[in-house]
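As written, the chain order gives the labels A, B, C and D, with residue 1 at the start of each chain.
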């Protein structure tokens, strides 16, 4: 069981959504932030650097946005939908743009294929949380 | 002149909005991230801690969201409005919630008054950038 | 297999340490950053808030330091031991202080026990990476 | 007067070093994090990308480390030198490596000259804080 789920199960108050959906989202955000940081770096080591610039840029954006969303979604105390919902929407949009760009490079670079998977899973998890969160 | 403005003025490509508005937003985001981190900590040192919990939580959120927005807005290369616009909207909402909560404590705590000013200025700067950015 | 390991296995250059040790460290850093953010928030929901202030503070520090270390260690391109080594040492020290403080609260709060485990595992992983990294 | 200084002046407890030195360090860390993010992006827009890879990598590291150090140094409550000192040392090392690399490109690229200045100033500020902090 992930730390995210264990922390939700021991949280002293009420959590603001189904704990399983929340934990899956936290894990997907954490994985996506890390995968995008690693993919930006792998892109920087490729020969055809000029073609990878957009992918590097979007991966850096995606790490930044997923890290912030992870922090905000981790906080159950005094949940404020006015913050969480637009941030989840921004995160969906970022994972979508980054995943689409990684998909363009996936046939050639396996690291972009792995990163695309992390982005798609995170986009889906954020959409599901948006669907269930009060 | 701030580093933000100097970096924009020496950027090798075209910047995606008026450099003055962009630099003002970058400075406001950077200031707000720092002010909120410091205010969360000042709140933690107050006697009536239970009343400050919501302020601490929102300040932590605001630091996270402003830091991510700062990273994304700093990147001029391959600008993607599908990412920047919803993120700026999430940042406006976060600065609004955090500024409103700090305002409630401002009559009693000077550090919350300072933080409220940083949040209001950042909210306004993000709104202006949303207005002019292509 | 974690994304961290998959990204290392598809990295186009040479990685700067054993891939298994590196991936274990990246996963531990990512887990610890998330656990500490969640534990700081759980602490904020406890009744005896005044006794939890040091734990909240150290958890926030630990999230910040683990997130930065995760970013730096993720980057294999142009590895620079002059940066990575002192940062891993700072991360060991932070996980140690935070884990020790969580241990003090673990008998009473299950969430601090979970967070202590994440800190201990991350401290150990960073020590191992320091031992093997060139 | 910067927000950093205003927040220190309204902090409800004792600050752990001279407020002027602390505020100067916080401002330098915040500026350096932002300058390095912008310089990494400017590098990505240059023609001779292959020569800029090391600079991009170090700028990303420097943003990560300065952001974490900013968070930790911002927190005055329950100051723990066991965390702050090694982190400041890691930050000095990171600013040094990044500043040296930016200096190599400064004759050709004005944005690297600006970023070098931010790194040098931040390195110096962290050294001064290490010298005076209890």
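Note that in this section a residue touches a chain if its C-beta (ideal position, glycine included) is under 8 Å from a C-beta of that chain, and two chains touch if they have at least 3 such contacts.
Since this is a predicted model, take the numbers as computed values, not measurements.
Look at the CA centroids: the one farthest from the centroid of chain C belongs to B.
Look at the contact of chain A with chain B and you find the same residues on each copy: over half of the numbers used there are shared.
Here the spacing of chain A and chain C, counted between their Cα centres, is 19 Å.
Between the CA-based centres of chain A and chain D the separation comes to 27 Å, rounded to the whole angstrom. Of all residues in chain C, those that touch two or more other chains are 41, 44-45, 53, 57, 60, 67, 71, 75, 77.
Interface residues of chain B, counted against chain D in their complex, comprise 2-4, 6-8, 10-13, 26, 30-31, 33-35, 37-39, 41-42, 44-46, 63, 67, 70-71, 74-77, 109-111, 113-115, 117-118.
For chain B in complex with chain A, the residues that touch the partner chain are 53-54, 57-58, 60-61, 64-65, 67-68, 71-72, 75, 77-78, 80, 82-83, 86-87, 89-90, 93-94, 96-97. The part of chain B that touches chain C in the complex is made up of residues 40-41, 44-45, 49-50, 53, 56-57, 60.
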